[in-house]
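One chain, chain A, appears in both complexes that follow, with chain B as partner in the first and chain C in the second.
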Partner chain A sequence: MIQTQRINWFLVVSLLIFPLIAYFHLTVGQQEISLTDFKNAIFAYDSTNTAQLLAREFRFPRLIMACVAGAGLSLAGMLMQTLFNNPLAGPYVLGINSGASLMVAISLLTGIQFFGTNLGLISSALIGAFAAGMLMMSVVGFLKSQVSLLLVGLMFGSFTSAIVSFLEISSKAEQLKSFTLWSMGSLQNVLLEQIPLILLFFVIGIIISALIVKPLNLLVLGENAASLLGIKIQQTRIIILIITALFTGLITAFCGPIAFVGLAVPNITRILLKTQNHFYLIAGNLLIGSAFLVLCDILIQVLESEIQLPINVLTSLIGAPFVIFVLIRKMK
Partner chain B sequence: MIFSRFSVVLFFLLFVLSACNSNSNKEIKITDSSKNVCKHSRWLKIYETENQVIIQITNPDNPKQVFTYKTSGKPTNKGVNSTKIIQLPSQKLAVLSATHIGMLSELNAINFISAISDVKFVYNQQVKKGVKTGKIISLGDEGQISIEKLLASKTKTMIYSAFSGELSQQKQFEKLGITSIPNYDWRETTPLGKADWLLLFGYLTGKQEQAKEIIDRLYALYSLGIIEGKKIKNKEIFLLGNQMGDYWYAPAGESYQAILLKDAGINYLYADTKGTGSLALPMEQVIKDAEKATVWLNPGFGSKAEILKSNPKAAFLSVFQKGKIYCYSANMNNFWENSTVQPHWFLRDLQTIKSGKTSNDELYFYKSVE
Partner chain C sequence: MIHFKQAEIGYKNPLLKVTDLSLEAGKVYALVGRNGSGKSTFLRSITGQTPLLAGEITINSVSIKNANAIEKSKTIAFVESKFDGIAFLSVANYLALGRAPYTNALGRLSQADWDFVNQVANEIGIETFLQKETLSLSDGERQLCAIARAIVQETPVLLFDEPSAFLDYANKQILVDKLLQIAQEKQKCIVFSTHDLDLCIENKIEFLALKNKSLQKASGLSKLELISLLETKS
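Showing the complex of A and B:
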């Protein structure tokens, strides 16, 4: 009871702090934009006013994308960790990102027209992420140690990189340029008109996650125990894979690969909330994941006059040492 | 007795030291800057005496490192510096950049080429034909040269761009008797400095006199171009570059591109910035700074649709909506091969764009982006 109260307090306080972080993110750019301009950018938009243009077309989509990417990847990571019963699982280390990236590479480097559209790009990323997830699922039964699973993820990542390199060699200069730019990763390329579609997929993912809280809670006990308690394991696995593919594919398609968020944030959330109740873990991952990526993006913007840090580099700089920390903790 | 022996040794040592000293004085005389045939290059120096030619190439990343190539003497290795003996003219050249092909073409010396990096990046028809017939061999990327192919090409000298530092296989090449020479023309900050590297190819092919004539002509044509440009009074404001990842990369105010624009009399948006490399700017800043820009150069793509595909927010640039956009990507290989060795053509293209009365037929390298 005391623990539930503590978690509730934590989530409420986080929820109250989050708008402040979001507001700071909106105002931190190099160009000064007044509160009135932000207000007008929403309610009385004048496209000839540069400040309003920057607020509406640049700052708002960037903030929303940072929130969606942070929350989505964290939630996907949490689901993977529960499914594989492994704190080191996550869309990046398990090769789900690599699957999405591979399909995006195929779509951008082969010049197939269908994939040139937004929907085509999302579809290809979703297919790639889902296929990679299925592959990992089929392999997991043969593995005895948790570290082996990570090694398989690593190998799959290397395998997809090799195919991407091969595609790069045989592609045209323009296609190669498009793919290289995409692979650098950015929260800035999302357009305002793409936001409703992104939010729609995002909300669908959250709703489905909320609907499987009970199976998720029981999966923590192990698949055999969960099965004895009436959970349809195969069905749950597929739902988890679909949600993970949805989040990872969506975010990878629009922002490029973003590493380690899906691994680090679910672990941070577990450490902070000290619970295995997935209702709280979902809420916690959504809040902490969003705040984490928004804070990373703020740091990038604060430092940008001194040093140019791509988002993927910053998340890797923070995430990689965290993986080592979790590994050491686990081995103790 | 002991004292007299000591005197003899001392005298001998003094004699040797003074001899060394007089040798180094001779070297200083040879490398007197007034005798350097490269007038504008920052990284290439070529000295010519009656007896020998000395080529000195400075590493721009480490100016203390000088690669020296001499036609006579002994090879040495002192710290980072090296002196190699080279035979001129060198019959079989491997050239790993399109710019090198352009320079050899200008000297009518394509027949000296034994190997290139990749035919995909070649514009010159003679080289393409040579690759097709097997006379010229494709070696692959500069960092991963196939030794077997290199041997098959019978290359004696290899010119490389050193984009990622020294060649990783340099020691192996030396063992095979292949001299590798770095070419830092791409690190020059002036168009004429870049063009000076033509002299290196002139000496390597024994066509140094022809190279000197071409260079003198280029200096004159380029200077004339600058004077002509001043007569064009159009006040277009130019934006350059495009977004890559999170930042917009544009040439800094002291870079090669910015100097070329200045010579063309163009009002470049970031002309007053410091640095010889690129500026990394947030897209928001570019949107604001480029409000008055009327021409966008070098977006990196040949069509507006491709620009938007890689940078959707380019649509918010006023120059994208209302201005004119030009890029050399319509024939990239031609640009890389010939723009360095024909800087006056490049200059004229920019001035034609500046004049505002442009049809694609009047441009050598650029095409309008629609």
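Showing the complex of A and C:
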């Protein structure tokens, strides 16, 4: 099969290129760190060595967070696009981010003690993501066209941002500052100690996604046809909702809202791999998604001496035109 | 094979009552009726997508209500309306999805499954474009693919909602020939809804005529008789 060969080549080549991008990302910061320092930072850590400290406490967490955020958002986007049978779906456009953002705004801006903690931030983002996901799932049944789902997502986004604006006006300067910083998005907020927990959730999400490859492949035919081929639709929907909300909530809590990655990368992956086999699509989305966000973050760090470019601003600058491109392709 | 007993079909209010009807294996039935007479709903009631308001439909003496999703997917194959094709999905992979009821949790096809897919493709005459994308085919080719996909599912009952609607005359005849051939050779029970009365009369296909909230078998009628039957007001 020519198709499978093409995919295998693609996966092998990107697996080879990926470590290079990752290494470039590690070295791109303002202070130079040698390869031996990176090695030592993992295997023979000396906390008095500034280079090693920098590598261990800042560079590695940032790289891992970039990979997890890119891969996680892309996978969430792919799941939603397949479930809704809609190339315009994604965690950001469908308001899953907005739900998380709203809850984070409530917790950061109202200054309620419990929500001020790190754990509180994560749990409120997760609650917001789940609530928004449930809302979207319940609305989708009433919608006939693919574009109307997008519109509902946009309206939900406007609605939540109105509430957020209201909260911003009525909050104190200090709280406002921390929320504004969060909402710009950053890959540097994560601490080394938090990485294992994030990776654990991330891996669990990927494994569950891999287990629903068969329902995903059949959902391409539409929900009705898939259920007539023996797929339990309700169960599949719930699993997809859980993974999507988990990834989006977790990533949004740590990095702030990151726009369009979850919409653009799954489309790029389908176009590059030319397949509807979700086993390959999952692998492709993980690879392309993490590479994409790592490259974005490299650009941010290269430009850092000239301008401060928050990650959310950059992905929007790239992503919004891409959505228009997909729309035009679809409408033709 | 399929038996209707006092079945009331519809949403909330009955759209159709089928008191006693038997559909047999090895035969093709053309479901005809005016727009809105309940053709699609009738087909959906057989698949269980539209639950019966009263009564019972059994397939090989098993009530549909009691069958689970997997059992049903091994009994009934249903192609809903027009197949528009799907980006990046090849015909071979599209047909392969029809094997879903028989594959494991990961959905991998065995060599025997692939052999069966190829065999069906040969029988339907679409083996030359197995590697093509479903989106790149003509309407006629795609409709044949949809039929092949249903046959790959290897079910005793095959249902099609207006499979001939978008086909040119030559393709309509090919479609009917294939349906008749499959029903006879594989002893399947095939029901398809259609507005192509001439086509069915010429090919001596038995009609299931829907009118006045009831359904009756009709065969050997002329077109005029059939139309007046469908037009009758209560």
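The working rule: the second predicted complex is superposed on the first by the 332 of 332 C-alpha atoms of A that agree within 3 Å, B and C clash if a C-alpha of one lies under 4 Å from a C-alpha of the other, contacts with A are read in each partner's own complex, and residues count from 1 in each chain.
Here is the rule we go by: contacts are C-beta pairs under 8 Å (C-beta built on N, C-alpha and C of every residue); 3 or more make two chains touch, one makes a residue touch a chain.
Fair warning: this is a prediction, and the values are worked out from it, not measured in the lab.
Within the superposed three-chain model, A:58 lies in touch with chain B and out of touch with chain C [touch as defined at top]. When the two structures are aligned on the shared chain, A:50 is found in touch with chain B, with no touch to chain C. In the superposition on chain A, contact of A:321 is made with neither chain B nor chain C. Looking at the shared chain after the overlay, A:224 reaches chain C, while chain B stays out of its contact range. In the overlay built on the shared chain, the residue A:186 is in contact with chain B alone; chain C does not reach it.
Those residues of chain A that touch chain C in the complex are listed here as 2-3, 211, 213-214, 217-218, 220-221, 224-225, 227-232, 270, 273-277, 279. Interface of chain C with chain A (complex): residues 47, 49, 69-70, 72-74, 76-78, 80, 86-90, 93, 97-98, 100-101, 103, 105-107, 131, 153. Partner chain B is touched in their complex by these residues of chain A: 29-31, 50, 53-54, 57-58, 116, 173-174, 177-178, 181-182, 184-189, 191, 300-301, 304, 308, 310-311. On the side of chain B, the complex with chain A involves touching residues 243-247, 280, 282-285, 287-288, 291, 300-302, 306, 309-313, 316, 329, 332.
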